[in-house]
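Next come the structures, one after another.
Next come two complexes built around chain A: one with chain B, the other with chain C.
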Partner chain A sequence: MQESVIMKIHYGTALGAVVLVAIHILFRMTQNFSESLQYESVIANYHFLPYAIMLELILILLSVHGFNGLRVILLELKQGVGYEKAVNYGCIAAIAVLVAYGSRTILMAGFGM
Partner chain B sequence: MERQSNREGIKGWLNPGRYGLERVAYWLMRLTGLGLLVYFIAHVFETSSIVNGKEAWQKMLELTQTTEGHIILTIVIGMCVFHTVNGIRVMLGQGGVGVGKPGRPDYPYKPASLNSRHKLCILASIGLAALAMMYGLAVLFGE
Partner chain C sequence: MAAITPKLSDEFPSTIVSSTNSVTLRILKFNPKTDSAATFVEFKVPVQKWTTVLDVILAVKQHLDPSVAVRYSCRQASCGSCGMKINGRPSLACYTKISELNSNVVTVEPMDNFPILRDLAVDFTQFFSAHKKLKPYIIRDDSEVTEDTKEFLQTPKEVEEYLQFSYCIKCGLCNSACPTMATDSSFIGPQALAQAYRYVADNRDNGKKDRLKIIDDSHGIWRCHFAGSCSQVCPKGVDPAMGIQLLRGYLLGFRK
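What follows is the complex of A and B.
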C-alpha cells in the first residue's frame, strides 16, 4: 500500500478516535468517576449494544493508529529491506493480537460469557 | 560510510534543542504517541479482568485506583490532549492550511511553513494539555 494512502488512514483513524474517545470519556462523567467504574455499572455499559459497538470501533481505530504511528517512528530510525518488512508485519500482527484480545473482552462481557 | 557515521539514531531523535519549538513539538508528538500506545495496551489488558467476575475487577480497581494510578491517569490526559491538538495542527499543515505562500528562498532562508501561527498552535496545545491535566486532577482527587 502507498505511504500516502497509509497516512490518510492514519489521519482518518485519528479523527474518528478523537470523537469516539470523547464520547467514551463523557460516559464516565455521567456519574461520579469512581461510581462509574463499579462492576455493575461497567457491565451495564457492555450490555448496551451501541456502546459496545463504539468500544469495538475505538479498539480498531486506536490499534491501527497507534501501531501505524509506532511503525512510522521505527522506520524513521532505521531503514533496510529486512528491517522494514519486519516492522511492517510486526505492527500488523500486533494490531491483530490487540484487536482480537480486546474484542474477546467486549464479546464476553457483552454476552455474559 | 560517511553517511553511516552521520546517523545519530535515537540520540538525534531525542534531541529537542537544535531546531526550535517545532522540533520540541515533533519530539513531544512522538513521546506522547508512544506513551498513549503503552497506556492503551495496558487499558485493554486492565479492562479484560471484567470477564473474570466482580472479584477480579475489584482487585484490578484496587491496583489502579490509587494515588499513583491517578497521577498516571493525569499524565495520560495531558498526553492525550497535546497529541490530539498538535495532531490536528500537523494534519492542517500537511493539507496546506496556515503554512503560508511558497516564495523564493532568500537569506536567511526562513521556511514560510514554520511561522507564528503554527508556533502559537504548539503553545496552545501545551497550554490546553496543562489545563486538562488540572481538570483531571480535580476530578480524580476531588472525590
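What follows is the complex of A and C.
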C-alpha cells in the first residue's frame, strides 16, 4: 500500500475517533460519573445496538491509528529491510489481535455471555 | 606644518576599534580513519569586527595548524561549501561574522546528520544522491530548441510559485538541522523534498507524477514532522518546510 494512502487512513481515523469519542463522552455526561460506571449501566450500553456499534468503531479507529503511529515511530527509530518488514507486519498483526479481542468483549457483553 | 589626521576612534568615540580583540576558536578535530574519538582544539585568534568565522578558520590553517580540514570556495554564500555547526547552529562560515555571535568563544563542528570525512569536512554522497533521485530538472516530451517555441514564457505569478526554492545552494544546512534526519538515515531530507517541489510547481515541467511517486515512500515526505528547523537555518531564505507541506497537498488531493 502506498504511504499516502496509509497516511490518509491515519488522518481519517484520527478525525473519526475524535468525533466518536466526543459522542461517547457526551453520553457519559447524561448520568453522574459514578452511576455511569455501575455494572448495570455498562452492560446496558452494550445491549443498546447503535451504541455497541459505535464502541466497535472507536475500537477499530483507535487501533488502526495507534498502531500506525507506533509503526511510524519504529520506522524512524531504526532502519533495515528485515526490521521494517517485521515492524509493518507486526503492527498489522497487533491491530488484528486487539480488534478481535475487543470485539469479543463487546459481543460477549452484548449477548450477555 | 604637519597635517593632523584624525583617528577613527577620535571621529566616532563610540566606535570600538577592535584590532586588539581576539576570540578563542574551538575546532572539533576528528579523522575517522585514525582517531577513536573527536577532540576540541583551541586557538586564540585576533579578529576585526568584519571578520567571518571562515576568515578565522583560514587564519588558523595558515598560521597555527595547517592540518585543519575545511571545505570552502566562494566566500560569499553562493557555493554552499562551508556549511558547519557554529556555536551549535548550522550556518555558513563565510556568512557568519564573529561580531554577530556575541561570544568570545567560537565553537565550530562538522554538520550533524552527515558522515565526517575529516574535521569540518563532511561527506555529501548521500545528500547528492537523494537530490539526483528527485530528478532536479525540467522534464518534458518536447524539446526547447524547436523553430516555433524557442523558450517557454511564464507569467510573474507562475515564476513566483517556485522562485524561492530555486535559490537553494545545496549547502546541506537544512538536512543538518532536520530532527528526522538525526534518527532516520533513509529519510530523503528537506533539501531534496524542497527541490522536488521546485520542479513540481514549475508549470513547464511534466514530471510531477514521477516525483510524487518517488517521495510517496515509507522514508519519504510523510516522515517530516514539520519542526521547521530546516527553514530557520537556510542562509538563502528558502522555506523547505513550506515546500514539503505544499507537496503533501498534491498527495492528499488538495492541489492539482
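List of remarks:
Simple rule for what comes next: the second predicted complex is superposed on the first by the 113 of 113 C-alpha atoms of A that agree within 3 Å, B and C clash if a C-alpha of one lies under 4 Å from a C-alpha of the other, contacts with A are read in each partner's own complex, and residues count from 1 in each chain.
Assume contacts are C-beta pairs under 8 Å (C-beta built on N, C-alpha and C of every residue); 3 or more make two chains touch, one makes a residue touch a chain.
The structure presented is a predicted model; accordingly, all values stated were derived computationally and were not measured.
Contacts of A:79 after superposition: chain C is touched, whereas chain B is not reached. The partner of chain A that touches more of its residues, comparing chain B with chain C, is B. Looking at the shared chain after the overlay, A:9 reaches neither chain B nor chain C. Of the two partner chains placed by superposition, A:52 touches none, neither chain B nor chain C.
Residue contacts after overlaying the shared chain place A:33 against chain B, while chain C stays out of touching range. In the overlay built on the shared chain, the residue A:69 is in contact with chain B alone; chain C does not reach it. Touched by chain B in one complex and by chain C in the other are residues 7, 76-77 of chain A. Residues of chain C that touch chain A in their complex: 180, 183-187, 216-220, 222-223, 251-252. Interface residues of chain B, counted against chain A in their complex, comprise 9-10, 13, 30, 33-34, 36-37, 40-41, 44-45, 47-48, 50-51, 54, 57-58, 61, 65, 80, 84, 87, 91, 94, 139-140, 143. Within the complex, the chain A residues that touch chain C are 2-4, 7-8, 72, 75-77, 79, 84. Within the complex, the chain A residues that touch chain B are 7, 11, 14-15, 18, 21, 29, 32-34, 37, 39, 42-43, 46, 59, 62-63, 66-67, 69-70, 73, 76-78, 98, 101-102, 104-105, 108-109, 113.
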